[in-house]
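Pasting the structures in now, so scroll down.
Each of the next two complexes has chain A plus one more chain, namely chain B in the first and chain C in the second.
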Partner chain A sequence: MGVTRTLLLALVMSTVAALGHAPVANADDSEAAMKAHAAQDEAERAARWKDLRHEIFGARSLGDGAGVIQIAAPEHALDAALVPVTLTMKAAQPIKGVYLVIDNNPAPLASHFTFGPRADPRILKLRVRVNMYTYMHAVAETADGKLFVAQQFIKTSGGCSAPVGSDDAAAMKDMGLMKLHILGNFAAGKPVQAQLMIRHPNFNGMQMDQITRTFTPPRFIRSIDASYDGEAVFHLDSDISLSTDPVITFGFVPDKKGTMQLVVRDSKDVSFNHSFDVPAA
Partner chain B sequence: MARFLRGRLRHGGVVLALWWPLLAAAAGAHVAEPAGYWMGPTRGPVATTVKGGKVIHTRELAALLKADDVMVVDVSDAPKRPDHMAAGAVWLPVPHPVIPGGVWIPGAGLGAIPPAIDKLFRERLAMGTHKDPTHELVIYCHESCWLSWNAAKRAISYGYKSVYWFPDGMEGWRGAGLPTVVAEPQVALPKL
Partner chain C sequence: MSAACVSRRHALMGGLAACCLPRFARPAEAPLQAWPTHEVAPGIHIRRGVNEDVSASNDDAIANIGFIVGRDAVAVTDSGGSLNDGRRLRARIRAITPLPVRYVLMSHVHPDHVFGAGAFGADHPVYVGHAGLPRALSLRREYYRTRIEAILGKDTVGAVVMPTLLVHDKAQIDLGDRVLELHAHGIAHTDSDLTVLDRKTRTLIASDLLFVERVPSLDGSLKGWLQELGILKTVGAQHAVPGHGPVSVEWPQGCRDLARYLGVLLRETRAAVKKGLEIDAAVKTVALSERSRWKLFDDYHGHNVIQAFKELEWE
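Let's turn to the complex of A and B:
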């Protein structure tokens, strides 16, 4: 299957190339060549998304996300290793979960959130690594099992190999430490947002230690569970696309003063647990 | 020439907006050629020369490839699937585009090259140049990427006399609307 896809893409690329760039010597003088180049890029991107949606969602249909899900990220992010993404959801049906796909990353499914009964699934913010110019697709799943998609194009690259810090020891220090900030005023029964900060290098295996000049072994967060007084807020499956020291903003509905419990598991099967009083004591 | 420049400037404008390291370059920072291999972060402002080799840009390269039998080597990184990803996690790197006829040898531009890759690089160059040290060689990766600079320097150290370093990289090549083909990384020598 992978080979078929590669061959198909190769065919698309070479066909478009052949159509658009026959006179190679003049190519960079030619407006037509530039246009053909853009068309080639778009054709590749469309083929890529077709492959990915099949890989992730199989034959399920994806509806237009307008009115259900929005994705916002800076088109020209300054730091490819720290691209902020905001997902905004609104639907007649309750939102069951949200997928974030960074098409051209080698592990494209950056995050899959599933919401629990204590969630306010209207907003999610996170920071991700982007390896090359890419579309990002955000897909919301409603309680009736329908999928809705929104997309945005991002022009930044190099996020995978961007170093984590001056050295690995510093990046590993305080691993698993967490902070939780309640954004806005707490009121029992009212939705409120919280910002979760986690100390974790989220090494992806493609970063080089700046001192030893060797590739740092991968170690990344695979899941995060947030619950409020024992009731689920969200479960997140993630991997190497999450930025170093992840910061995740989410909404929840506290029925009363209580405790937010976080469980973070990483690729070494180490669990980090923290509980926070809400509102803060 | 004016049209050529306009194209270059437009491309350069996009690049400046995207690549914060280049803001330093735009502000007048020049990176001098290091005496040995570049050991710093691979992406960032690069040198403008490589001792013992020639620098070539997109238009000249397109013309050279039409006119001569040239070996083209891409030394971009290849993504590696990290251990311990979830069982069902999607791992699907984008098909890797190269300049038509190009050979992709990831790792050949590392500052400290593992012996196995050094051996592969030497052997692959010998094959592509028919063991002729005067055979023309073009080495590239991405724009603002030291890997190709290192690999060009390495090829020169092997004794190649006609080494071109193409610092515009794949971004420059595609930005000029030139064709590419999909390649697999060279991990071992092809059987003859």
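Let's turn to the complex of A and C:
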């Protein structure tokens, strides 16, 4: 059986069933109780975000992201260990960087992108793990230092403790392989999107081996640097929330045919370097 | 169920303790009824699983499970999705034959097939699994157990049993004038798929390498599954017992729907990757022609596309 989805649904259903069977004096009371419960959840989530934003951004103010940054992800994720997220940016000021925060994940700051001169910072797509029902917050920082936030609620669970692929040995063997796809047509001076695929288990240290009673040691990508002919496209600080075999779509502006260089560093301080001709030879 | 049934001792002993049997009945509730089974071939008895997901009302009795009776002994294949599921199967065995349960086969890592194994502790059987099963179980069983028990209640699964006899490639077990051929498959539905061929009746116990009616779930390798299915077609069985769906189908005709589904999933996912579709866009377009042909399609298909996409995008 496809476990993640099934169990998730079943969990949701059993919760509903439990609510349905609760002895209630009348329906109004029950409805009021449910609303109160939901309001409490919402209050807890708001408090969580308040703490997180203070931790990450200190006292800086966060403006409404409407018109600057959008976050899109499936409302009900099919696979908690692989939740596709699309961030779309548009601003009068150039975008300097983007933060993705998954509030209820063990390490909430999932990604921080900093854009370089070769970037087209209008789109980012990535795949993340989501551990439980949570808000995701996407924060754009403009060149003048202002912050803008957008949010989305995600319903899924278990993405962090979910066992990763079936064969760790195979996952380790291919570690560091990369592919780069240029999406659409290359034209010098025109923005273009690229999809970067990296073979890396991104073990987050939360998958327990019950025989040895130990956790698969964490081994995850800490940073990715993409540059084009020596000029920075982006720097990414990442964490355990990226999915196994991360796939990242980003935009850049190639002034001419050239080379995309990628440097991926992981938590064992191992570096993986690859260069790709653009357009592909 | 009696909470005492799955005692701490039981848990500490890895599910092999014999403490379960004497406390069989639930005092406050009706005693567990033996499952009805169908004799799909002489001596092969199968209980049909419901086409549902695990829920508090079905005890996770959602897979086709059963047993094979030889001259000297019984082999269980599979044991079910919860202790109660396994107990009701055991009650059925006791109603049919006094022979000992010597083997409990574990067809793969998924809980609906192996979480009934704890119900057979009193029989001291040999638990038989794919060589990859211990590792798969060790990585997943707590994850599964927590989630199943969140639905069925505490102590409904018990300590998860580990296989004690591992099959690398091929093996045989003899129930007395009845030799079962076991085949440990390459990564397919999962990374721990074990099938059973009863040469005597030319019956293939395919478990979850064969889905009928209920949409398949992919948790291993799409290409691997198609390959293993090709191998199974030629083993010389006349009929097969699917892991989900009817208790018996003609073989190999009975895998036609599955082969078509997996084929469409492969072709259309590959095309989506080639077209540069994102994984979430692929989920919304791939193999939707199959939607009307399967039960629980909306619950599993999207996840299958994600699995297929992850596999094929690296081709």
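Here, the second predicted complex is superposed on the first by the 245 of 281 C-alpha atoms of A that agree within 3 Å, B and C clash if a C-alpha of one lies under 4 Å from a C-alpha of the other, contacts with A are read in each partner's own complex, and residues count from 1 in each chain.
Keep in mind that, in the parts below, contacts are C-beta pairs under 8 Å (C-beta built on N, C-alpha and C of every residue); 3 or more make two chains touch, one makes a residue touch a chain.
This is a predicted model, so every value here is computed, not measured.
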Partner chain(s) touched by A:42 [first = chain B, second = chain C, both, neither]: neither
Which of chain B and chain C A:245 touches, first, second, both or neither: second
More chain A residues in contact [chain B versus chain C]: B
Which superposed partner A:51 touches (first chain B, second chain C, both, neither): first
Chain B versus chain C as contact partner of A:197, first or second or both or neither: second
First (chain B), second (chain C), both or neither touched by A:255: neither
Partner chain(s) touched by A:132 [first = chain B, second = chain C, both, neither]: first
Contacts of A:181 with chain B and chain C, given as first, second, both or neither: second
Touching partner for A:79 - first (chain B), second (chain C), both, neither: both
On chain A, the residue positions that both chain B and chain C contact, one per complex: 2, 5-6, 9-10, 13-14, 17, 78-79, 158, 161-163, 208, 210
Residue numbers on chain A that touch chain B, as the complex places them: 2, 5-6, 9-10, 13-14, 17-18, 20-21, 24-25, 27-30, 33-34, 36-37, 41, 48, 51-52, 55-56, 76, 78-79, 104, 106-109, 131-132, 155-158, 160-163, 204-206, 208, 210, 213, 217-218, 220, 222, 237, 239-240, 267-268
Contact footprint of chain A on chain C as seen in their complex: 53-56, 62-63, 110-112, 132, 134-144, 147-148, 150-151, 187, 190-191, 208, 217-220, 276, 278-280, 283, 299-300, 302-304, 306-307, 310, 313-314
Touch list for chain B against partner chain A, complex: 3-4, 7, 14, 17-18, 20, 39-43, 58-59, 62-63, 66, 77, 79-86, 89-95, 97, 111-112, 142, 174-182
Complex contacts: residues of chain A adjacent to chain C: 1-7, 9-11, 13-14, 17, 74, 78-79, 82, 84, 86, 125, 127, 158, 161-163, 166-167, 179, 181, 183, 195, 197, 199, 207-212, 245, 247, 249
